[in-house]
Amino acid sequence: MGADVILFFFFGGLAVLGALSLVIQRHPIHSALSLILVMASLAVLYLLLGAEFIAAIQIIVYAGAIMVLFVFVIMLLNAGEEEQTNLSRVTRYIGLPVATALLAEMGWLLYRAWPGDVGVVPDRLVGRTSAVGHMLFKEYVLPFELTSVVILIAIIGAIVLAKKEL
Amino acid sequence: MTDWIANHPELVIAVVKIALLLFIFLTAIAYVVWFERKVIAHIQARWGPYRVGPHGLLQPLADGVKFLFKEDIIPANVNSRFLFLLAPFLAVTLALLAVAVIPFGPEFEIFGTTTGFYIADINIALLFVLGVTSLTVYSVALAGWSSNSKYPLLGALRSTAQMVSYELALTLSVIGVLLLAGSLSLREIVEQQSGRLWGVLPNWYIFPQFVAFICFFISSIAETNRAPFDLAEAETELVAGFHTEYSSMKFAMFFLAEYAHIFTASFLATVLFFGGWQSPFPETPFWQWTLYLPAAAAALLGLYFLLDTFRHPHSTLHRGLITLVGIALLGVGAGLALVPPVLLLVQGPFWFVLKTVAFLFVFVWIRATLPRFRYDQLMAFGWKFLLPLAVLNIIATSLLLVWQAN
Amino acid sequence: MVPVSYYLVLSAVLFGLGVIGFLVKRNIITIFMCIELMLNAVNLAFVAFAHAWEALSGHIYVFFVIVIAAAEAAVGLAIIIVIFRNRGSLNVERINFLKW
Amino acid sequence: MLDLVWLLPLVPLLPLAGAALLGLRGRQWSRGEVNLVGVGSAGLSFGAAIAAAVTFFQLPLTEIPWKFDYFTWLEAGRFQVQASFYLDQLSLLMMLVVTGVGFLIHVYSIGYMHHEGGYYRFFAYLNLFMFFMLLLVLAGNYVLLFVGWEGVGLCSYLLIGFYFLRESASNAGKKAFIVNRIGDFGFTLALLLIFWTFGSLEYTNVFAGASVMPAEPGDWSQAGVLTAISLLLFTGAIGKSAQLPLYVWLPDAMEGPTPVSALIHAATMVAAGVYMVARSNILFAHAPFALATVAVIGCLTAYFPATIALVQNDIKRVLAYSTVSQLGYMFLGLGAGAFAAGIFHLMTHAFFKALLFLGAGSVIHAMNGQQDIRKMGGLWPKIRATAATFWIAALAIAGAPLFSGFFSKDEILWQTFTSPTLRIGKLLWLLGLIAATMTAFYMFRLVFLTFHGEGRYTPETAKHIHESPRTMTRPLIVLALLSVVGGWVGIPAALGERVHIPNYLEHFLEPVFAGANQLRPAAMPHAHSEELGFMGLTTLLALAGFAVAYSFYIRNPELANQLAHTFRALYQVLVNKYYVDEIYHAVIVRPMHWLSDRVFWQAFDVGIVDGAVNGAAARAQEMGAWLRRWQSGNTRSYGTWVALGALAALTYFLFGQP
């Protein structure tokens, strides 16, 4: 049993735990922290999968920027415990069974589709940063530029929305 | 078990290195505090710490002891005890984490395995550092929020916003260096900076990337929440900012973290712009004598101490201590001079430390000199000046590279 | 040596938990976070596939997903702030203007 | 170099431009400017028409009829309509008549409308009418002709209702419009049928197609499509040209200003039907039955309105009925197959009937709006110019020798008598003869009651009586001249031989009706002496009518009243115009009213249409109410649905596929 297996199960378990606590926690900030935990452990898994660049931006962008934004907003609105209302009967009676069924089916489908023989080679560095860079700026340069436009729009939208008086 | 260890010497070395580094680093931090107080005092024409030990050299110890024995208060109605406690630990952990990838010197052979003056040499070291620094925001935010008190909250909001916005400038200013080095590994970046620029100057990125360095340095000051960007703990407005409610060791941890960040910033500046462990002098035979500089430095320091024993009125205890230290330093200098391999080994760290200390001094110097920003000024400066500057630098650099390529 | 399918199942589990969270939670911010969780699960799947087929494009997609997630977070949170300002509540069950 | 391609469009477009200018800007203009634009455009158009005529005469015979497609107006599969102009002798003649008479009447209107409100509006309508009429005349296909056809209808409606504040006026306008609809319905069907038969509506194609078809038998039981087409076209003509049984709108149309009556309801528009039938002569020639129908209708129309005209007392109404009966003559001529004669009469009639109306207008003008001839009399010395020209016109229409009406009417009667196609030609001829006599009678009755005998007007009117201004009298004189000499272009051969004047008009129109004339079996030979005899007869009868009128209304005016007393019933019938309006009202209008009110509105519209509409709305509402329960506005519920969908999709992938 190699180190990678241990790492996988440790951080995979951590991720699952984080996701669970994200769902279970009543307070948004706890949920946010659990989500950060999930992301961090996912970053480790990315490293195991040889995606160092993705791992890095997972931390920098997701954990370091997006989630900061979440925490920031939670603090700003000083959001307290979420109140327990049950106005949606649909969700109450259909929702959870459906979701669990979905979970099970997906798991099984993926498992069935990917028998265990395809293994993860620990030292197969697929996502070397330079390689990603080359691909990004050669084949995917147009989408890349488009994302910049998307971000610009997002910035403007955010400003317009958050501005107190227009 | 033992043979397993024997089969994996790198693990042993790693553990040893970690322990060593932690010890040195923490001590260093403690003494940086002393250093800062001293420098500021002298800038303000004071003596600064003087009582505890000669020249207050034992002050850090005293402070540490004091922190340890203070009552550990947790305010009654914190939002969440867990987070309230988590915040300082997070701060320290992240602060120390960043140091793991800093190369203090070149690789060398020991016990038949090559290793270097670093804990880990990963090929995305820079991204790692940036990631870790980006996470430090949480400690501040959580501390401020969980204290459930207005000053911390405001301070936390401020510094969160500030760190997030200056992180952009920081990252972008680094990219210029990356373009030149073509690598994310700090070690490679340093090695890229070997050689000469036009024969005379050391080939450090400070020269081609001067603008980037300015951006980097300013924004790293902002990142570390230090003067003149220390609005998060602006005493006049917010008491002590996000850690107002913290006391004793928890407060000490924030303290620690802050200085650790100063170190990290200095390290990065050294590595990225000042050729890391590389000596400023060429390796031509004429400059061979510069190899003895470390020895000379140690020796001179020892001599200074010995001289000091007579210069100033000291208690006997102090006098004794100083003499011992002086003699020890002299011995070190002599030893270095006499044992060439050790001398060679020390070269890298010596220069690295020298450069770092210079940066630390600049940090302190700035704090002692400049007044504090107003918040809007801070934001405007970050977004409207530094960020565009960094972007322009990137554009210019890439254009330059393209031009060189053909 | 860990089979790729493990990673896939993990991502499925995370995704499912995201869905459940989306349905269970009332706080709009938390729901938003659940969405992020789902995105992350998908990313994991992408990376796993990329590893299995040594196809870098998987990473590119993850990159784009992250970028879009960032933009989405910016706008979404701005919207949330506005909603809170107008309704004084973050409970989605109280935010049903859509109905009329 | 004058070229029809650009010259001909000017003729209709100038009045259109005038109408547009007047309609859009006229309100702000002074009368002078309105005259300049309104009358000027008409005059320019007349000039253009003359220029066009000149160029036309220079064309080599091979290029006649001249046709030019300006652009494709409509296109839908096989259905294609060109915006094309078609100029041959017939349309040339019509164009000249329309522009010429139109111009004169424009000039006349300056004086007549001087005191009226809506001055610019009047001229705008008049110009618009000119445009549509010319479009009708010059059209190169039936669709364009139909456009003009409807356009003149519109203008006539607008002008009849010119004094729209008077209810009778607006009613009259509506009546004209609605009655015309009936005819136009037939016309539309005719167009459809034509397209169905010939696959095109361009004159050239239609006529070409028709000329190669065999003539259809006269017996209606075996009549073919051409007969149907012709009859339907003629229905349109009945409506437009006020033939039996749709003539009722024309007398009421007299509610409009007198110049309008002159231009539209005497000279040009009502003649459109005649023109159209003549234009389609080739079709009619192939459908003897239709031709016979035309003749019969025409003859009856010539006869009955004449009888009504005998006893009318409104000066304009008398003229209106006489117009109807004269139109009847024209159709009689066409029906007899003598298209040239019909057109000839159209032309002369245009002259003298316009003259009569304008004269009447002048009289009314003098009498300060008084129209009842019983309150006139002895105006002769006061308004000489008007009286003189009116006399000339009366002589012309009554068929006094050497006057224009004499030739044209005789031509028609003679052609009817000798027509080889009409089986009942003799009978029709007889009726026509009687009608002619009556014409003479009522015309002179009108003249005498108006201008002679002692004045029966009130003193205050007396003070007002005066001769009309030059702008009114000049056109009268010109028209008088035309009514005298207008007939000399068509002197019948019988007479012409003796004075060595050929029948110019007939030769001129020869090519137009060539195709039709070929089909006509040669008329049974008649000695010219015979024809001369007939002329003498008609002259005598006209003279008789004159004499009777004289004895009644000059010698001893009581005689008329005694006569009216003895034949009270007949008199009443005539005065009430055979109660036609009442009959129509009872037979058509009231049932229609009931139908519309009860069935179409209350039953169909309210019940079914509204029911359907409201029902649809209600269903939609219910469905919306039902769907709304899904639209809970609760994000979590929506999420549930999404998840359900995802589950379904996944399940399909898992189990759905083989």
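Order as written gives the chain letters A, B, C and D; numbering starts at 1 within each chain.
What we mean here is this: contacts are C-beta pairs under 8 Å (C-beta built on N, C-alpha and C of every residue); 3 or more make two chains touch, one makes a residue touch a chain.
Just so we're clear, the structure is a prediction, and the values are computed from it rather than from any experiment.
Chain pair with the most C-beta contact pairs: A-C. Of all the chains shown, the one with its CA centroid nearest the global CA centroid is C. We define each chain's centre as the mean of its Cα atoms; on that basis subunit B and subunit C are separated by 37 Å.
Subunit D has its Cα centroid 108 Å from the Cα centroid of subunit B. Centre-to-centre spacing of subunit A and subunit C amounts to 6 Å, using the average Cα coordinate of each chain.
For the pair subunit A and subunit B, the distance between mean C-alpha positions equals 32 Å. Across the assembly, subunit A contributes residues 53, 57, 65, 69, 74, 76, 87-88, 91, 95, 99, 102, 106, 109 that each touch 2 or more other chains. Taken residue by residue, subunit C touches two or more other chains at 19, 23, 26, 93, whereas all remaining positions touch fewer.
For subunit D, the set of residues that touch two or more other chains comprises 632, 634, 636, 639-640, 643, 646.
Touching chain pairs in this entry, ordered by label, are A-B, A-C, A-D, C-D. Per the touch definition, subunit D reaches subunit A in the complex via residues 632, 634, 636-637, 639-641, 643-644, 646-647, 650-651, 653-654.
Residue ranges of subunit C in contact with subunit D, taken from their complex: 19, 22-23, 26, 28, 31, 92-93, 95-100. Subunit B meets subunit A in the complex at residues 79-80, 83, 122-124, 127-128, 130-132, 134-135, 137-138, 141-142, 144-145, 153, 156-157, 160-161, 164, 167, 171, 182, 184. Residues of subunit A that touch subunit D in their complex: 87-88, 90-91, 94-95, 98-99, 101-102, 105-106, 108-109. Across the interface of their complex, subunit C is touched by residues 628, 631-636, 639-640, 643, 646 of subunit D.
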